[in-house]
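After this come two complexes, each holding subunit A, first together with subunit B and then together with subunit C.
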Partner chain A sequence: MNRDLSLLIGILVSLFAVLLLWIVYITLSAETGPRLATLALEQLPESGVSHPVTAVLLNYRAYDTLLELAVLLAALLGIWSLGPAPAGFQLAGPALAVMARWIVPLAILTGGYLLWVGGHAPGGAFQAGALLGSAGVILRLAGHPRAGLPSEEAQRWLVVAGVGVFVLIGLLLAALGYGFLTYPKAGAKWLILLIETAATLAIGATLAAAYVGGRPLGAAPPSTPTPTEDARA
Partner chain B sequence: MSILLLAFDAILLTTLLGLATAAVLSPEPRRATMLFIAFGLWLSLVWARLSAPDVALAEAAIGAGIGGALMLAAARRAARRHADIDADATIDTSEDAR
Partner chain C sequence: MSPAFLYGGAGILLFALGLWSFLVHEPLLRKLIGFNIMGSGVFHLFIAIAHRGDGLPPDPVPHALVLTGIVVAVSATALALALNSRLEAADANASASAHQTHGRGADEHADDAKRRRWPTR
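Moving on to the complex of A and B:
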């Protein structure tokens, strides 16, 4: 690279670092104003869950979580648009195969636990989904070409399930007069659990499909000759 | 007790900064990714120390685990593509020489 250019980039990055340090300094030295945390903790009994982080993610700031799921979906669509998935790895040797046989059910079980425990302790949809996704990564590394995911059509339903259930519940609540994603107090817990379950499945499927790295391989590979191609040949 | 904790925090922070610098400055993608995974795991320790277990869990599972696996796969694919291009280039030059 050009020497002057790298010098310029270095100076700009240093200036940016100084700016960031200055912002941290004035934030730390400023007086503590009204904090959102007290407000969030006050409203916790109304939110349907007893863990403040889950209450923020799925109730007070449900929009943010919905958009995060949409970002994941968009990323996967980008990966699928790059072309078909490369062929998988060769079938694993005995050591890796046995490890996969133990780790994958454990990861799925732990994912379910994290999903359930998210209501009252650290956990939640993203962590549970990441565990499901890593189970898929291990399966792919052990030689399963589709990373344990179902057929292409089922995969499409799975990856839109998170955003779909989220938006459907939001629209349903809006139609009933509560407002988009404003849960009634009585059903808040079960609505949040329903959204989180769909989000967990969608995140797990999306992350595993992202690791596969291309459009899913259909039941019949496209290279099999069709009758019309035979006729033309 | 507090001095012990302070020393622990100091070690945590210096190692974190060291891992980050090493990951950024590493010329080889595979090596950089491995350093990044170590950085992510270390960062989740820092989050746990800041008593933010939710963020620590997410960082370890998504930042270090899935992100690292995706980047390793990308690095492998990029290396294979470079190797293919290099092989094509050598074939081309040998054909030119003929």
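Moving on to the complex of A and C:
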């Protein structure tokens, strides 16, 4: 791309940014009309959790979260369909190995804490899952070829656990006459915690598996060597 | 000039920088980085919009959207990176095999492939 064109694009993008800034400025300085926040905070005692963000994620907008988990799953399926994972890195040096030995259990422990605390303070399935995923990334960097994940079959169960439990609970509630993902007030807390636990495991496993970057190593189905595999070898 | 506008404005600047980088740079990896910066700008703006004035708790809805958005952005980036690395492997492989069969002409082919991916400026 030549210089003049990138300059022109730069000018156009700057003008667009100025327009956006102006829109945001008049939006923020205008009187705020009715907002969802009022409704969300009003209904909080009915939601089964006492932290508004968790209530939005797992109760008011549970459909949204269910579909986000489906997006995660779809992205991982895309990565797996591209072929087997490249070989892992070499084994870690002593310093990295010791660090991994300390950090990974701490990350898992903190993930469990975040999952529990999400009911009444900042935390929840996505943060806990991200921590589990980062524990997997550290393990992979430290030379574990599967990033600490179990066998391929177990991985498949783990990554569908989030969507699976979510949908099963939704269908069960619908069958009991509450409506899809409409929690009864008495059991809402435990249903949300159950969904969040499954979602945490699924998010963590999905992120770690995505970092591995291909179908799990090990018991892969027999495949004929394709040109791309030759190139990597 | 409210703090919310300052934060939101920073988000828009990030968005514009990412958009420019996405449009101008040819290598896929740089486009991907630009795209991620655009996303960060949007998250920034959402967090700023959640501010409802001093003393009031922030609006939880944009916070929840950003939270899921971050994880989805990370996974989409992972998919794009995996596609990019397969594409590069396939490209390298194609130019290598062309080299074996055609001799001189293949060099030009490999050069073409290289120029497509890493344009010299």
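For this structure, a couple of remarks:
The criterion applied here is as follows: the second predicted complex is superposed on the first by the 214 of 233 C-alpha atoms of A that agree within 3 Å, B and C clash if a C-alpha of one lies under 4 Å from a C-alpha of the other, contacts with A are read in each partner's own complex, and residues count from 1 in each chain.
Going forward, contacts are C-beta pairs under 8 Å (C-beta built on N, C-alpha and C of every residue); 3 or more make two chains touch, one makes a residue touch a chain.
Just so it is clear, the structure is predicted and the values come from calculations on it, not from any experiment.
Contacts of A:G78 after superposition on the shared chain: subunit C is touched, whereas subunit B is not. When the two complexes are overlaid on their common chain A, residue A:A40 makes contact with subunit C while staying clear of subunit B. In the superposition on chain A, contact is made by A:G213 with both subunit B and subunit C.
Of the two partner chains placed by the overlay, only subunit B lies in contact with A:V137; subunit C stays clear of it. In the superposition on chain A, A:V53 contacts both subunit B and subunit C. In the superposed pair of complexes, A:R61 makes contact with subunit C only, with no contact to subunit B. Considering which of subunit B and subunit C touches more of subunit A, the answer is C. In the superposed pair of complexes, A:G123 makes contact with subunit B only, with no contact to subunit C.
By the touch criterion defined above, A:L21 reaches subunit C but does not reach subunit B. Looking at subunit A, you'll find residues 53, 86, 124, 126-127, 130, 207, 210-211, 213 touch subunit B in one structure and subunit C in the other. Interface residues of subunit A facing subunit C in the complex, by the touch rule stated above, are 1, 6, 9-10, 13-14, 16-17, 20-21, 24-25, 28-29, 32, 35-37, 40-41, 52-53, 55-57, 61, 64-65, 68, 71-72, 75-76, 78-79, 82-83, 86, 124, 126-127, 129-130, 203, 206-207, 210-211, 213-214, 227-228, 230-232.
Within the complex formed with subunit B, the residues of subunit A that make contact are 53, 86, 114, 122-124, 126-127, 130-131, 133-134, 137, 207, 210-211, 213.
Against subunit A, the residues of subunit C that register as touching in their complex are 2, 4-5, 8-9, 12-13, 15-16, 19-20, 23-24, 26, 45, 48-50, 52-53, 56-61, 63-65, 67-68, 70-72, 74-76, 78-79, 81-83, 85-86, 89-90, 92-93, 96-97, 119.
Chain contact summary for the complex, subunit B toward subunit A: residues 53-54, 57-58, 61-62, 65-66, 69-70, 73, 77.
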